[in-house]
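Both complexes below contain subunit A, partnered by subunit B and then by subunit C.
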Partner chain A sequence: MMSRMDWRDVLGRGLELVRKELLQLWRDRVLILFLLYVFTVDIYLAGSGLSFSLHNATIAVMDQDMSHASRELASRFQPPEFQRVAAPGDPRAAQQLLDTGRSMVVMQIPPRFQADLGAGRQAAVQYLVDSSNSVLGLLAGSHAAEIVGRYNLEQGAARLAATGAGGRLPGVDNAQRALFNANQNEAWFMGIAELLMLVTVFAIILPAVAAVREKERGTIEQLLVSPLRPLEILLPKVLAMTLVILAGVTLAIALVLRGVFDVPIRGSLPLFYAISALYVFTTSGIGLLLATIARNLAQVGMLAIMVLAPMMFLSGMWTPPEALATPVRVLMAVSPMHYYIDAGFGVLLKGMTLAELAQPLLAMALLGALAFGAGLARFRRQFA
Partner chain B sequence: MAVAPAGEAVVRLRGLLKRYAARVAVDGVDLCVQRGRMHGLIGPDGAGKSSLMKIVAGVLTHDGGTVEVFGQAIASERDAERVKQRIGLMPQGLGQNLYAELSIEENIDFFARLRGVDEQALAARKRQLLAMTRLERFRDRPMKKLSGGMKQKLGLVCTLIHEPELIILDEPTTGVDPVSRRDFWAILDELVSVRGLTALVSTAYMDEAARFATATMMLGGRVLAEGTPAELLAALPATVVSVKCREQVEAQRRLGASFRDTILRGPWLRTVVDAVPGEDAPARARSAEARVREALAGLAIEALDVDAPDLEDLFIARAASAGVAAARFAPAPAPAKRMERTHAPDYNAIEARGLVRQFGDFRAVDQVSFTVKPGEIFGLLGANGAGKTTVIKMLNGIQPPNAGSGAVAGADMIRAPGQIKRRIGYMSQAFSLYLDMTVRENLRLFAAIYGVPRARRDERVRELMRLCDIEGIEDMLAGDLPMGRRQRLALACALVHEPEVVFLDEPTSGVDPVGRRRFWDILFRLARHEGVALLITTHYMSEAEQCDHISLLYAGRVVADASPEQLKAELAGRRGELWAFDTPTPQATVKALQAAGFAGASLYGTAVHVLDPDGATLPARVAGVLAPLGLQAGPPHRRPLTMEDVFVERVLELEREAAQ
Partner chain C sequence: MKLVRAMVVARKEWQEIRRDRLFLALCLVVPVVLMLLFGYGLSLDVENIPFAVVDHDDTPASRDYASHFSDSRYFDFRGRLADEGAIDRLVAANALRAVLVIPPGFGRDLAAGRSVRVQTVIDGTFPVRAMTMRGYVLAINAQASTGIALEWARAATGADERSLAALAQPVRLETRNLYNQPLRSVWSMAPKLIMVILMIAPPFLTVLGVVREKESGSIFNIYASTVSKAEFLLGKLVPYVVISLFNALLLFLLARYLFGAPFKGDPLFFALATAMYVVCTTGIGLVISVLVRTQTAAMVVVAIVTVVPAALYSGAIIPIESLSPAAAGVAHLLPAMYYAQVATGSFLKGVGWPVLWPNLLVLAGYAALLMAAGYLLFSKRPRT
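What follows is the complex of A and B.
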C-alpha cells in the first residue's frame, strides 16, 4: 500500500509530465498554428460557408408552348433559390446544358400547356435535375415541386372562382415554428457541429501523436525502465491534451460562436466544459489504442482517418438515428461521438441540464471508459 | 565489360563541396579511386561520407568542385545518367534498399528487371552470386526474416545484379556482428580481386580501415588522412604504452596530465605517447616507456607493455591536430566527495542465475548466469538476436523471466521489480532524449520522474552537467546537439538519481572515436570513483577491450565469461598467436592457406592473418603451401590478439559444433 508521501510523489511526477507535454506541444509551432487555425478560422468557414439551402440554382426553361401560362410558371423560378439561364431550343441543347454543368435544372414545358390547362385537362411539365450532388438535387426538386404545386392551387382557385363557386379552396395551413434556433440559422448548427467534430478529431489524434512520437524516438523505453507505471505515463499525456482542447473550445466559443455568429449559449458553460473534458479524456483511449498499433506518425494519421470517418457517419450529426436501418442504429449506439453531439447541442442550444442529459452522459462515460481501458491494456501488453 | 588497366582513376574528385542549408557536409575534398581497388572512407556519423558517396553515384548534386566518374565530368543530371548503368549503390541502413515482404529471389529479380537485365543473364548471375554469398538455401525466405548479415549480403547481390564496374557501399557493416562482418569483407575482397571490380566502401569502425587498399579518413566534411593502412600507421610517430597499476585512479590522473590520450582497458591503462622529433623507431619505444615510468614515479607498476599505435589512435591524433575541440581531454577530476557505499565482500551489484526467457517456440535466453561487482565495467557481447536485449529487459524488471532468478542493486528481480527500477539507470542506443526540449529541461524532467527531491534537483543537475561535460549548453535544444554531446546528456539523464547500477545498451553507436573516448572517460570515473556497476553492450570490439569483464552470448547462452585478457590468453593457448604477413597476391594466398587448414586465415587489405601456435616453424609451413602454387609471402609478424578474434573464433567454433 502506498503511504501519503508516495502519493505526493506520484502527483509531483505527474504534474511535471503534464508540463513536459505542454512544453513539447508549445515547441511544435506548426501544430500550434494549426490548432489556432481550426478552432477559429475553420469553424468560421464551416458556419458561414457551408449551406444546405438552395442558392441560385441554375435553371434553364425549355418553353415549347410560349404561352401566357408557360411564361407565368417559368417566371416563378426566382432568386434567391433559382437563377434563370439561357433557354435551350431543343432537347439536345438542354441535355448539353446539364452535361456541361451550366445548368442544374432543365424544365421542359410541352406545347399545348396553356391549351390543356384552359380545357381543364392535366398538363405536364418535366424536370431534368442534375443530382450529382444529391442533397442539392433533392432540394432543387422539392423546391420546384412546391412552386408547381402552388401554381396548381392558384390555377384551381382561379378556375373555381371563374365557375362562381367562391374563391376559396379547402386546405391545411402549414404553420411551423422553429424552436431553439428560431431563424434556422445554419451558422449556429454548422459552427457547433464543426466544433464538436474538431474536439473529437483532436481527442483522438493529439494523444495518439504524443504517444507514438515517444515510440518513434525510443523515449518510451526510457520511461518504462523508470519507476513510472504505464498509467502514470499515459495519464499526463491525456490530461495535457484535454487542457489544450478545452483551450481550443474556449477560443472557438468566445471568438467565433459568440463573437461572430451570436450563438445564444442557453445552457451552463461549465457543464459543457465538464462534458467536453469527460469526452476528450475517454475518447483519447481510442487514440492510445491507435498509438499501440501504429509504428510511426504516418501510420497514426492513416489509422485515425480510418476510425474517424465511420465515427462521424455514425454520429447522428447529419442524420437522426431514427432515419437509419436497425443495424446501423445499433452501431450508432456504440459511437461515443453520438452522445457527445446530443449533449453538446443539448447544452449549448437547448439549455438542457445535467439531469436531463444523464442518460447520454452515462453512455458516453461507459463507452469512453471501455476505450481508455482497452488502450491502456494494449499499451501495458505491448511494453511491459 | 571493357576492363581498363588497373591504376586508372575511376572516380576523381577535386575540391568537392556540398551544403545543406547552412551546414557544410563535404568541405573541399580531393579523392581518387583507382580501378580494381577497394577504397575505404572511414569516419563517424556526419563526417560527410554518405553525401560524398551519393554525389559519386549521381543521386545527389554538389555545390562546388569537380566530379569525374569513368572520365565523365558530372555536372548535371544528364551527365550522371550516362554513367549510372556502370555504378551500383548500396545505401546505408540494414536492408534499406530491399523490400521486406519479398523473398531473396524476388528482391533480386526486381532489381534485375529495374536495370533491364535479360532473363538468361539474370538466371546465370543469380546462381553465381547466391552461391558466392551462400544465400542459395534461403532463396524463398522473405527479406524481413533474414539476419542483419544476410540482409547486407542480399543488398550486395542486388547491387551487383546489373554487373556494375564500380560499387559504392555506404556503411555495409554497421550494426552487423563481427562474424558476419568478416564474411562480408571476404566476399567483397573476392569481388574486387577476382572480378576486377572497383569498390568505394565506407565504415564507422576504425579497425576496418586495415581492410582497404587505400583508406581515406574523414571528419567534419574534410579529409584527415589518406593512404594504405601501412602508410597511415607510419604517419603517426607514436608509441602505445600499456601499464597495469594497483592504484589505477591515481595512475590515470598522472598519465592524463602528461599525455594526450589515455584510456582504461580493464586493469590496464593505455597511453599514446607521441614521439620526440628525430627519434628512430627503437629509440622511440625506449623513450616512451621511460617517460611513462617517470610520470608514474612512486607507484607500483605491475606490468608494462609497449606496442605500435592502431588506426583509431591515428584518427584521434589527426582529429586533435585538425583542431577538433576536446580531442585532447583533461584528466578526470576526482569527485569532491567519494561515494560511500559499503557492501558485504560477496555482494554483487548484478546477479543473474539461470535466466530463461521463452517466446513461443523460440528460446531467446537460455540459462544465462553472470555476476557483476560494484565498480566493475561489464560487457555483454553477442550478435544481433543473441539475446542481449532480452537479458537487459529481464534485469531491468520490465520482463519477468520464465525461469531463473536474480538480483539487481540488492533488489530481487522477481519479487521487487519496482525497487530495481528505482535503483538503476538505463541508457539506450537511441539516446532517448526529448529533442524538442533543452538540456536543462531534459535533466529536470528525469530528475522529477525519479523523484529527486525538489530542493536537491538544481544542485544535482549542476553536478551532472559537470560530470558529463555538458556545461554551458544548458539552454540548447537536445536536438541541436552533436552526437557526442547528445550521448553524454543521455548518460546524465540516466544518472539523475545516483543509481548504483547503470545499464548501457549500445551507448556509443554513431559517435566518433573522440566522443567515444570522452564517454568512456566518464564511465571510468563512475566505476572507479563512485563504485557504480556498469553493464554495457557494444558492437565495437575495441570497446569490448575496455571492459573489466565480458560475457559472450550466442543463441541465448553464455559461451564465454572472463576478462578480455583471460579470453585472449585462452584463445592463444587453444588456437595460437595471431600472425600477419604481407603478400603480393592476397586473395590467392588466403585461399591456399584456408584450403591447407590454417586456422582463422583471413584477409586484411594486402596482409593475411592466421592463428598459429608455433611461430618458429610457421614461415616454413606457409612457404610449403604457397611455393608449389607459385605464391609468395613475407615473414610473419606477431600481432596482438583482439576481442574481435576471440568473438569470431568462438562463434565459428560453436557454429561448427551446431552443424555437426
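What follows is the complex of A and C.
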C-alpha cells in the first residue's frame, strides 16, 4: 500500500516526465512543423476544391438532326452536373473522345428526331457513358434518365392533348433532402474525416516512434534503471502526446473547420474533446504494441502502415457496414476507429449527445482499454 | 561512371535489405495487403441501404410506387414509419439511411392525371454515399414515373402498346455503360489502386533505405570511397526499383485475377509505362532522401508528397474536370495523373500506344528530371 506521501511523489515525478516529453517533442522541429502542417494545410487541402458529385461532367452531343427539338433536348444537360464539349463529327470521333477521356458522355441524337417526334413516333437517343469510374457512371446515367423523364412528361402531355384525351400526364417528382449536410458540402465531410484520421494516425505513430527511438538510442535502458515502474514511464509519454494531439485538434477546428469551411459544430465541443482524449489515450496502446515488435524506425513505419490502412478502411468512413461482407463487418466491429468516426461525426455534424452516443463510446472505451492493456503488458514483459 | 561499381553498391544494398527480414517481408507484404484492403474494403457500391417508408397515403398506388424502391437490390426495406418525427433520430443513429415520404392524396392525384411530389430523406453525412443513393433514387423514380404515365395513357386512350409507348415516352434513352458495363466499383478501383500503391510504397522503401545510411553514419564510407555520385545513386536505386516492379506484377495479378478486372489493353505498353512510373516514384524517394537527414523526417515528407496527391489529385476518385482549377493544375504537375490514365486505359478502355503515348513521354520526362535533381542535390561533401 502506498501512503499519501508516495502518491504525491509519484504525481510529481509523473508531471516532471510529462514536461520532459513535451520538451522533447517541442525540440523536434521537423515534427512540430509537420504537425502544424497537417492540422491546418493538409485538412484544408483535403477539404477544398474536391467534389465527389457529378460536377462538370463532360458531355459531347452528336446532333445528327440539328433541329429545334434536338437542340432543346441537348440544352437540358446543364451545369453544374454537365458541361458541353465540342461535338464529334462521326461515331469514330465519338469513340475517340471517350477513349481519350476528353469526354465522359457522348449523346447521339438521331437524324429525323424532330420529324419522329412530330409524327408521334418514338425516337431513340443513344447515351454512351464512360463508366470507368463506376460511381460517376451511375450518376451520369441516372441524371440523364431524370432529364429525359421530365422531357417525356412534357412532350407526352402535349401528345395526349392532341389525341383529345386531356392534356395531362401524371408523373412523380422525387425531391431529395439530405440530412445533416443539406447542401452536400463535401468540405464538411472531408475536413472532419481528415481530422479524425489524423488523430488516429498520430495516436498510433507518436508513441510508437518515441518508444522505438528510445530503444534504438538505448536511452530506454536509462529510464528502466531509474526507480520508475513501466506504467510510470509510459503514462507521461502518452499523456504528453494526447495533449499535443488535442492542441492540433484545437488548431484544426478553430482555423480550418470553423474558420474556412464553416462546419456547423452542432454538438458539444467539450464532449468532442473528451471523446478524442479517451480515444487517443487508449489507441496509443496499439502504437506501444508496435514499438515492442519493431526494432528500428523503418520497421515501425511499415508496421504502422499495415495497421493504419485496415483501420481506415474498416472505419465506415468510405464504405458503410451494410455494404460489407459479414466477416469484414466483424473486423469492423473490433476497430476502435469505427466507433470514433461514429461519435466524431455524431457530435460535430449531427449534434448527438452523450446519451445518444453511449453505445459506440462504450465499445470504443472497451476496445481501447484492451489495446492499452495489451501494449502495456508486452512493454512490461520486454523491458521490465 | 562504371557500371560494375554501381552493381556492387546495388548488391550491398540488396544484402542489407535481405538481412533485415522484417523490413524485407514488409516491403513485399505491405503493397499486397494494401491492395486487398482497398479492393475489399473500399467498395463504393452502396447496396442494402437501410430504408423505410412513411406512407401517408396508403393506397395501392402509393404502395406500388414504394415497392419500386424496396424491391430493388440497392435498398433494404426495414419497415414503415408512422410519421416523419423519428426520421432524424433514426438516421443519426445509422439505423436508417434513406426514408421515402409519400404525401396524402398521392393515389388520388395520380388517378386524376396530376403530377405529385414525394420526398426522399437521405443521410447526407457521407457525400459519396449520399450521391450514390441520389443516383439510385433518380433512376428508380424515373422508371416508376414512366410506368405511371404509360398506365395513365393506356386508361385514357385505350391505344395499343406501340403507340402508347410513343405517347407516354416520346424519347427513349438508350444508355450504354462503356468500359465497365456492370458498374462494378472494384473494376474501377483496381487499376487506380495500382497507381496509388505504387505512388506510396516505392518512395517509402527508398527513403528508409537511403536515410538509414545517413542516420547510422555508414554513408561516410561512401563519401570516402571511390564510388562516384552517379554510381552510388544508381546502385541505391536499382534494388528498390526491382522490388517495386515485382510488387507491380503482384498488384497486376491481384487486380486481374482476384478482383476480376478486365485487362483489354496492350500488356507491353502497360508494362513499359508501369516501369517508367516506378522509376518516377522511386526517384521521388531518392530526391527526398538526399534532402532530409533523419528517417522520421523522411517518412513524414514522403507521406506529405505522396499520399494526398495520389489519392485526391490523380483523378483516382475525383475526375480532373471536377477539381477546382488550382487543384487541376496541381494534378497536371504530378506523375500520378498520367499513370492513372494509363492504368484505366489499359485495363478498362483497351487503349494503348495511339492514345496514351504522350503519357508515357511525360512519365519518362519526369523520371529523367528526378534523376537529374537527385544527382545535382546529392553531394559527397555535405555541409554538416
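By our rule, the second predicted complex is superposed on the first by the 353 of 384 C-alpha atoms of A that agree within 3 Å, B and C clash if a C-alpha of one lies under 4 Å from a C-alpha of the other, contacts with A are read in each partner's own complex, and residues count from 1 in each chain.
We take it that contacts are C-beta pairs under 8 Å (C-beta built on N, C-alpha and C of every residue); 3 or more make two chains touch, one makes a residue touch a chain.
On a predicted model such as this, the values are computed, not experimentally measured, just so you know.
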(request) Have a look and say if subunit B or subunit C is in touch with more residues of subunit A. (result) C
(request) Considering only touches as defined above, state whether A:M104 meets subunit B (first), subunit C (second), both or neither. (result) second
(request) Check the residue A:G89 against both partner chains and state whether it touches subunit B (first), subunit C (second), both, or neither. (result) neither
(message) Between subunit B and subunit C, whom does A:D9 touch in the aligned arrangement: first, second, both, or neither?
(response) first
(message) In the overlaid three-chain picture, which partner chain does A:V148 touch, first (subunit B) or second (subunit C), both, or neither?
(response) second
(message) Which partner chains sit in contact with A:G118 here, subunit B, subunit C, both or neither? Use first/second/both/neither.
(response) neither
(message) On the A-aligned overlay, A:G218 touches which partner chain: subunit B = first, subunit C = second, or both, or neither?
(response) first
(request) Across the two complexes, find the residues of subunit A that touch subunit B and also touch subunit C. (result) 28
(request) Mind listing the subunit B positions that touch subunit A in their complex? (result) 396-399, 418, 421-422, 424, 426, 428, 430, 432-437, 441, 444-446, 448-451, 454, 477, 493, 503
(request) In the complex, go through subunit C and note every residue touching subunit A. (result) 20, 22-23, 26-27, 29-30, 33-34, 37-38, 40-50, 65, 76, 87-89, 91-94, 97, 109-110, 112-132, 134-139, 141-146, 148-149, 152-153, 156-157, 159, 163, 165-181, 183-185, 187-188, 204, 208, 212, 292, 294-297, 299-300, 304, 308, 312, 317-319, 321-324, 326-327, 341, 344-345, 348-349, 351, 355
(message) Help me check something: in the complex, which residues belonging to subunit A touch subunit C?
(response) 28, 30-31, 34, 37-38, 42, 45-46, 48-58, 73, 83, 96, 98-101, 104, 117, 120-139, 141-146, 148-149, 151-153, 155-156, 159-160, 163, 165-166, 168-182, 184, 186, 189, 209, 213, 294-299, 301-303, 305-306, 309-310, 313-314, 317-320, 322-325, 328, 342, 345-346, 349-350, 352, 356
(request) Would you tell me which residues of subunit A are touching subunit B in their complex? (result) 9, 12-13, 16-17, 20, 23-24, 27-28, 217-228, 383-384
